[in-house]
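Given below, in the form of structure tokens, are the structures.
Note that chain A is present in both complexes that follow, paired respectively with chain B and with chain C.
Here is the complex of A and B:
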């Protein structure tokens, strides 16, 4: 036998053995699921909480015996709240043989991941990106969005605000100057007009500010000199708290009878305490000790396991988002009886699973989550922590979801007003 | 040994080192070209981004290291190329891809020219720094209000191109093929910049960097050559951006802020701004640190920050400067002059 033939045979055998080793490892070792969240930079406060929820979900699954007789192993990566980094992470994980990925904790990273999923043959669960393009112009069969989109979320908030405060007849929005701010204010205002009982209320032009502004004197002056009595605030995080602190001192609380905010929830409550606006409504993902969450078995278990894992008795609402997204992929694997991409994708289309807010499923046409959305009302309290959630209202997303138009940009003007 | 024989020996050693350097470069290029068969797609993507960052850093260092000008808003030029190419591919401008790259580079150069003309007399120091930062901020605002450019969400779903050369077509729609194209493009750009730096033009830039007044005194039109350097730098940065859009398939405002502008500065300082190859070494070092600390969020930033502090304190001329110093010491030529 020639030396070249022998070498070729050795090379062939080695390649075959290598392939078999990879294949066997993929079939018999733990089920490896990628988890790419913003763990550093400005997105970290949210991303870390979502990751905690995902870790709890993996812990619960493993405690119950795993999936398909195998343990679940999370391969955690930091997408740095950056689309390029999310692309790099997805490619790296795919290169390492991982085909199931939780990512897109914010829209900017989801937009990087979404077009990549078919090329990498990955099943991707978009954890919390609410931007409309994900399930519209960027839709592909490899991605599922495990959260309500901006249209559903903020038109539902507008509906809740006007239904709960029908006497407020003039509304205005204060929103960050960007597509999210413009969209959310538009969706909110349209819903206020549409769902108002009786005569159509007045929705004034939106007042814009910077998402990270710290000085709101100009905007507060505009708000105070307007005729509005109802307000939507599209700014979040510490900027929202600065706004409330400045607004309260000039009497804005007396002028506005109802305020809806983007989703800060208890973050604003903890910061403002006794100075919380008395009728402040929030997009609410989870309040573990308020109904209907308090009596939900998934919610109770999530709280207990979160406390066990993290030693913190005040979980953020974002923990529930990470838990829900992870459960989507785990239930998909269970239903598929396989970890192969095609099988898992097909199974997720049909699964319905329990979350802290009740059962959820995905719309087949565009893979948009269909769930129940919650909105909480809070105000000041005499007891520690000096604010309290007084009411939680729910709206079924099926009532507020836009028609599925996968592959086409979302256009609100095409919807019945 | 006589001085003549010492000089001859030095010349032979220098020739051998040049040949060795060229051989190493050739091996590196071959390895880069063969990388798709050697590493997984994740590492391949990191290598691709490193090549782009290397070109970007080289463009910045042409200004700083070779002409003595500092731009603190170079991301603006990068974004011009990235957004133009992204839009051209996404909305199908009916332009051949090579023409798209050429136009992107030209746009970057023209914007640099516009800034240069506005500040012709003061294209130096704080004025240039402020103008380039202003350019980046203005671009971010314009893009943020442009629905066609994706506003805050960014321009996503950018398709990879097909190069039609009439007689045959080169399909770059597969990830590995585009990567190979990127390697070729990077080699050509680096070679062109090397030629610029080592040509009469490059020597003129260095004369201006060393002493602008003296250069003016010997008849060099300092303002004109500064604008030329700025145009080449801006055009190259735009070209780096243009090459990045089909690789990442998304362009966002992350690429148009002051943080993105600091990346070529960090890479150049890390690798060594006094050497032509320094920015490339810095980009590779930065990417390597990032890759090996990927499992520890925030660690890469701490490490890079720490290394930069060490570099500035111990070896202000970067990794290459430090290696050169160690080499000279090993050869017995150490000691401060």
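Here is the complex of A and C:
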């Protein structure tokens, strides 16, 4: 052996020994993907369902032989529905050598994660945060949003509500007094005006409340005293159910012919049962037994595997959100043929993959998901669980998506009205 | 008086009585044992879950509803007895900081138990049919169920006042509260009185859970929303004073209602201003109980 070859071998061995042990570990064994969801606190009911979807996705990938010849391992953390905790979790996972992360199950946690991703050299899939800043002023190339944003979701909801209920001529919104509440009510109202057949309907001033309020009697009285017959409710989770409990008793169901809600969906249906409003429309991620989902092979498989994994035959729509986000990162790894951050980020920009609601992809300019959005109408039922989805309507995001302006705040006034 | 002002007063009263139903047990146990039970909201929550499990989501009648609330009260009373034996009794002669830490731990334990038994899904219980409707007063829509809550709160206050100030049992409790050693020397079974006081406090928490469950989505965190106001009322009214807590609850309810009506864009801020003013103006509360000044 030549002396030069020996020296090269020594140099190579020294370089390998000097490499970070974590890096070496990352190149062998399972592919470790961080999964940070709200698993405690008020966000837990939603976060746990999203995590279940992600777990099913990992199970499906592993059952099919894994990725790059390796198994996928989820490293699960609780972000506690808290921005600072989501940041702490991301740092901890990065310190453990994890560079691929599913997080931001809500906007509050996504706003913490998004700016951190480049610093930690992570590829982050924002699971379900719909706040506009994520793909606008907070945009960076390390994040992808795997859900429709607020503008698309709530302007589409407004469009669906007015197209399905053209006889309702006066609308009002009840929204939490914050960025999300103001934005979603504004997007909803503008769409109602824009897409109404015939004469422009009246959209009254939004009534504001607190996102975590427990008493809505004042707002209910304002709603009952208004001329409105159509309502958008921007409050979510337990607050929305409390609102319905308090509102139903005073006759709000008789007054309002149509109600659109922020996306609680079957969470509200399960809680309210036969006291569900008869014409309640929701932003809908998935209903496994309703068309077009029922005949979709991804949807069928997700339901079967969810039942196998969790032993529960009533998966929430949020399961599909967790599944879709996980599939985005898994398909990115597959397409990249690597788990390196740069390679995965580049690959995700080009992938198109199947979900419970059809094919989806990401817009290259701002990494916003482009998909078909669904809106479900539910009402009470005589059979257990005493509510039923009666109709599902779809709107292609391409029709309702805003222009990409990464790095710049979204301004609805710049859009054609 | 404008219809808006009437609504603010009515709604404030309704909220205030809901707060009082929760705060009554809290101030009761503080008045007797001088323990601030941070787990009170958690036992309120357990009362609500028990009422839901026993009575279901659609109570058949107001009598069934009240009977279920009493079952919840009794069940939480039993939990109170166990809590006294296992936790509170051991804390009577130690620094109050230990009691705070212990009851905080108890609160987390109760939430964990609720999640293990009932899960994290939300449930909704409807008011009984007799009160599941509205009346219109001066253009304002008023739920009959909230009238029922107001009535229950007023009845509970009257009952507590009578028990504390017009009965031998109340006099014995006040004697033990003021000077347990002296009460013991005159033949009062002080440990028994203290145990019964704890059980009574928990019974009140369980009853409040059973009565107020149609007001809120049921989740392991339902107690937190009420108990925060209850703590404020106890502080403003005077620690251990039922009368002070009652008035403070009404004050808080009206301020909160006025805030939501006239300054919705600053939602929730007025009660904190009220708390700050009350602490500066009357640091020992509106009606400080003996031994707390």
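Quick note on the criterion: the second predicted complex is superposed on the first by the 395 of 417 C-alpha atoms of A that agree within 3 Å, B and C clash if a C-alpha of one lies under 4 Å from a C-alpha of the other, contacts with A are read in each partner's own complex, and residues count from 1 in each chain.
Keep this in mind: contacts are C-beta pairs under 8 Å (C-beta built on N, C-alpha and C of every residue); 3 or more make two chains touch, one makes a residue touch a chain.
Small disclaimer: the values here were computed from a predicted structure and weren't measured.
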item: Which superposed partner A:265 touches (first chain B, second chain C, both, neither); value: neither
item: Which of chain B and chain C A:95 touches, first, second, both or neither; value: first
item: Touching partner for A:218 - first (chain B), second (chain C), both, neither; value: second
item: First (chain B), second (chain C), both or neither touched by A:107; value: first
item: Chain B versus chain C as contact partner of A:244, first or second or both or neither; value: second
item: Chain B and chain C contact sites that coincide on chain A, given as residue numbers; value: 44, 177
item: Contacting residues of chain C [partner chain A, same complex]; value: 7-8, 11, 14-15, 18, 57-58, 120-127, 132-134, 139-146, 214-217, 219, 221-222, 225-226, 256-257, 260-261, 264-265, 267-268
item: Partner chain A, residues of chain B touching it in the complex; value: 39-46, 49, 144, 147, 150-154, 156-157, 175, 248-250, 252, 254-255, 294-295, 297-298, 301
item: Complex interface listing, chain A residues touching chain C; value: 41-42, 44-45, 48, 177, 207-210, 212-215, 217-221, 224-225, 237-242, 244-246, 248-251, 267, 270-275
item: Parts of chain A lying in touch with chain B, wherever the complex brings them together; value: 39-40, 44, 76-78, 82-84, 87-89, 91-96, 107-108, 111-112, 114-116, 119-120, 131, 133, 137-138, 177-180
